[in-house]
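Below are two complexes that have subunit A in common, paired first with subunit B and then with subunit C.
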Partner chain A sequence: MLLLQLLINGIQVGALYALIAVGFSLIFGSTRIFHFAHGSAFTIAAYVFYDLLAIAQLHWTIAVLGAAAAAILFGVALNRFVYIPIQKHEGSFFTVFVASFGVGIVVQNLCGMLFGRSFVAVSTPLSRSVELMPGLYVSPLAGIAIAIAVLFFFALQMFLMRTHTGMAMRALSENPELVRAYGLSPRRLSMTVFALGSLLAVPAAVLSAAGSGLNPAIGHHVMLISLAATIVGGVGSLRGAACAGLLLGLAENLALAWFEPQWSEAITFIVLFLFILFRPSGFFGRATAS
Partner chain B sequence: MLAYLLNLATLMCINAVLAITLNFIMGYAGIFSIAHAIFFGVGAYSAAWVAMNASANIFLVIPVAMVVAGALSLVLALPALRVRGEYFVAASLGLQVLGVTVFSEWKSVTGGLGGMIGIPPAEIFGHAVADPAQFLLLALCCLVPVLLATGVLLRSSFGRNLKAIRDSETAAYAFGKNVALIKTMSVVISAMLAAVAGALYAFYMGFINVESFMLDTSVLLMAMVIIGGTGTLLGPIVGTVLLMLLPGVFSYMSFLPQTEIGSIQQIAYGLAMVLLMIFRPGGIVGSGKPRAAKEKAA
Partner chain C sequence: MTKLSKAFKLGVIACALAASAAASTASYAADVTIGALFPLSGPNASYGDIFGSGANLAAEHINADNLLGGKLSIQYEDSQALPQQGVIGMNKLVNVQKVPYVLSAFTGVSKAISTIATRTRTVAVNGGGVGPDLAELGQYFWNIIPLANYEVRAIIPYLVNERKMKNFVLVYVDDPLGQAIRKELEGALPPAGGKLVEALSVPATAQQFGGIAARVRAANPDVIYVASYGSQQSQIVKQFRDNGIKQPFASYTAFSIPEINAQPEAAGSMYTSQNIDWNSQDPVTKRFVDDYKKKYNKMPTAYIANYYNAVRMFGLLAQQLIKKGQPVTGENLLKQRVETKTFDLVGGKVSFAENGTVTMPMQINEIDGKGGKVLSTSAK
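Our next item is the complex of A and B:
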């Protein structure tokens, strides 16, 4: 029964990780920007949601919309005012990574100053767990998390496969010069990519705020997970990132059956290490590591 | 006031050793590690263990710390040999997280979250270095050889090989360089020298716990190297001095709320990293062009 409980928790957490990782992977795959501050978009969305719902007492739809707007604004502004200027003179992986790491530090500490450093959670009727079977507790949020993850993932796939902008985005990751030759602006496309990628972090942020709660350092954890999921899934593969996110969520929770909870983050990285050592191209990766 | 200055100078020496050793792999070999605090920690824990269980003689403690850290760095070198760029960042981040978990959970050796208390003062030929001024001298006696050793290494053919790898790993490989061996050696050397800083720190503080070796420390060290200037000899030292002076500067600004000083300091580091990358990616000492990891992630 414990294993079944952990399995359900694992799928719930994994579905959210998958969404976050897909957002990161989308940005990294099509712009080659190592957007380490993706975790900050998550933190900002979660805190805006918390602020609007629990403190300003607004309706939850407004809170969700506010969170989405904040995340998109953050992603697009970061691309416009930090990444594009850096890439103009020198776009090495290292420079972009450091800048984005710096942004992550700033956001984490600003959130700490504004909202306090302790855990906060939004309690909704949906967060309460229901006993399905004796000893098996599931909150409606688990179902919502899974449904939303599936929905968003399919919507994204449709967007990338069927719309012009989506196809241009896929082309951008292959050959930016060609995109320019066809009269599309890689710069405007990268804005869309950032908006979309940041939007994908929002459902996870809202559901985490309502479920397990949040603190300013959560962005870090989220970032570690999406980084690990992107590599385990294979860089450039959205399907891989989604599967890997799910796998990492499951591994983290199932490990609780044998290990102390303090080890859960370490488990994620043991999985990552094994992949880097034995299958560096990930599940579905095209590009190999070296 | 004198005690404050001595303390600051000693911690600057220790951090400068760490920044120099991090710059050694980051700025010259282009190996971008965010696990440097782990080697610092391994050095500190093994030094503390030896000092408490065997002898506090630094001629025993420091070599032991160096050997342990050097051996463990092979764990990091293993993925380093296979992957580059973002993969390596992820791997070293993984090592950082794993290391912190081990430090805080391996209670019989590291004392868990409480840490190790009552580390005896360093001993040189039976003389215990307990006086802060004498300890500063000891720290300087470690900083200078580390600086000289890295300087000499970088001027040698080994250093030229490192720079060749940084500028283009593929070209170095094509030229018949044993890239894997050179990279491994640079990681091992860097970790061994970082362990010297760890041993000094353990002796100086008299107690250590996991808080000093977390991701924040790795990031701070990274900030020191980057803000000072990667790939330069002077850069890490300039960066260390600047970032270590920062807390003092902020505490003089009495209009800042005292409880938020830590956050404001972190925000200043973060902003400095962002602004430098936009306007002067080579760091303060650097030429304006970044000199590390030129190879694009692809």
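Our next item is the complex of A and C:
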């Protein structure tokens, strides 16, 4: 029963990791920007949702829309006012990474100042588990997390495959010059990528606020998972990032059946090391580094 | 020219002597700065706010009473509750600010900075960390909080004998504090008639506890002892309740923070803290409680009293040194503490054991959603 319980927990956590990782992977794959502040988009969305729902007492749909708007605005503004100017002047991958890292720390401290530094949680009956059978507890949030992850991933695939903007975004990751040759603006496309990538962090942020609660430092863990999932899944592969996110969530939880809980985070890195050693291109990545 | 040169030299010497006299007077009775190494950012930053509220109030009182003949200030450095950051902050306080007295918090940070305290003869005073080995960090490291061994030994007889809770599960943060509490529980439970059926360690950064809740359910304990701190313990409590854990929680002083007290899932939790009668009419306690309530519109907690006491103790020691015409250095503060047997602090008269740690009576509190209630008070 313990294994089954851990398996269900793993799928729930993995579904959220998958969404976050897909957002990060989409941005990194398309723009080659190591968007460390993706964790900050998650934190902002979660706190805006918490603030609108628990403090301002607005309807949950407004809170979700507010969280989505805040995350998109953050992602787009960061690209427009931080990444693009840096790329224009220097363009070094490392400088962009450091800037992104710095933004992550600033956002963490701002969230602490604005929303308080302590732990907060959205109180909802949806996070309360019910005993499905003796010893097996599942909360409604688990089902919601899985359904939303599947829905978002399907919608993203449709967008990338069936729309002009989606196809242009895919082309952007392959050859920005070609995109320009077709009269499209790589800068405008990268804005869309950031908006979409940040939006993908929103469901996980909202469900985390309701399920496990928040503190301003929560973005670090999100970033860690996104990074690991992107590498395990194969850089540039959204399908890979989604599978890797799910795998990491499962590994983290199933490890509890045999190991001390302190090892659960280390499991993420063990999985990462194993992939780096035996399958450096990840699940669905290209065979050679590109 | 020679006369002029002589006069100039004399003038310089006179100025130097005057400056030296002024400087030495300044070190006896003038503006004094002490340091504080608190988490001001990161997941434990709420503790920094809590600790700082007590320390600042004490500094305000010392300045209002003109205890030092100059202004007392506190220079805060952000430890983030991490040993490495703590050492950086301590180096800055000791080597740049040259403070004689530093407020410390968290077991890991306190252990990390203790060697610097000893080497530079700077007094470090801990009012928040409770790892038992904090009592063995040298004569310049003082604890103004009862350590975890006292806390664990106080709650075990109550839980085992009075509440008939025999089987314990420990969920502890994998750091010196958590490991020390595990050691205490392993040692103290069997003689008391209890049993540690499972001990689950979690990294300090962990935020997902749904899986661990499954392990706890499988162990089926009578009570779950949580040895963590900050937002992590709130997340443990919430996620355990969400995941069907119905057993009560027990813990130590770390549960005496507003966010846990206000958390509906924490209702019924029991925790130890030092015994302070907030309604006491002794002037120090009354002034502290009244002014704290006036300033923050809520009751203080044990942590706030500890850091108030830590700063107040500095004020009392420094006042004695100034009266004697001795400079306020770490070395002199230590000598003065040994000489002064008892201190009038919040909670009553306090004395130090030889190892620089206070011993106080303990109390067991229950979180009831209405500010908490005292279940039992233990002897020293």
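The rule we apply is simple: the second predicted complex is superposed on the first by the 286 of 290 C-alpha atoms of A that agree within 3 Å, B and C clash if a C-alpha of one lies under 4 Å from a C-alpha of the other, contacts with A are read in each partner's own complex, and residues count from 1 in each chain.
Going forward, a residue touches a chain if its C-beta (ideal position, glycine included) is under 8 Å from a C-beta of that chain, and two chains touch if they have at least 3 such contacts.
Source: prediction; values computed, not measured.
Visitor: Do subunit B and subunit C fit side by side on subunit A after the overlay, or clash?
Guide: By the criteria stated at the top, subunit C and subunit B clash after superposition.
Visitor: For A:Ala228, decide between first (touching subunit B), second (touching subunit C), both and neither.
Guide: first
Visitor: Considering only the touch criterion stated at the top, classify A:Ala181 as touching first (subunit B), second (subunit C), both, or neither.
Guide: After superposing on A, A:Ala181 lies clear of both subunit B and subunit C.
Visitor: Which of the two partners, first being subunit B and second being subunit C, lies in contact with A:Phe94: first, second, both, or neither?
Guide: First partner only.
Visitor: Please indicate which partner A:Ser129 is in contact with in the superposed arrangement: first for subunit B, second for subunit C, both, or neither.
Guide: second
Visitor: Examine A:Leu277 and indicate which partner it touches, taking first as subunit B and second as subunit C; both and neither are also allowed.
Guide: Touch partner of A:Leu277: subunit B, not subunit C.
Visitor: In the superposed arrangement, which partner chain does A:Phe269 touch: subunit B (first), subunit C (second), both, or neither?
Guide: first
Visitor: Looking at subunit C, which part out of 81-89, 153-161, 207-215 or 315-323 clashes with subunit B after superposition?
Guide: After superposing on chain A, the stretch of subunit C hitting subunit B is 81-89.
Visitor: Quick check on my understanding: which residues of subunit A belong to both its subunit B contact set and its subunit C contact set?
Guide: 108-109, 112, 220, 260, 262, 265
Visitor: Okay, in this complex, where on subunit A does subunit B touch?
Guide: It comes out as residues 28, 32, 34, 82, 85-86, 89-99, 101-106, 108-110, 112-113, 220, 224, 227-228, 231, 235, 260, 262-263, 265-266, 268-270, 272-273, 276-277, 280, 287, 289-290.
Visitor: Within the complex, which stretch of subunit A touches subunit C?
Guide: Touch residues, subunit A against subunit C: 1-2, 5-6, 9-10, 12-13, 108-109, 112, 116-119, 121, 123, 127-129, 131, 135, 137, 139, 211-213, 215-218, 220-221, 252-253, 256, 260-262, 264-265.
Visitor: Within the complex, which stretch of subunit C touches subunit A?
Guide: Its residues touching subunit A are 41-43, 45-46, 48-49, 174, 200-203, 205-212, 214-215, 217-218, 230-232, 234-235, 238-239, 241-244, 257-259, 264.
Visitor: Considering only the defined contacts, which subunit B positions touch subunit A in the complex?
Guide: Residue list for subunit B touching subunit A: 30, 32, 78-79, 82-87, 89-91, 93-95, 97-98, 101-102, 104-105, 215, 219, 222, 226, 260, 263-264, 266-267, 269-274, 277-278, 281, 289-290, 292-298.
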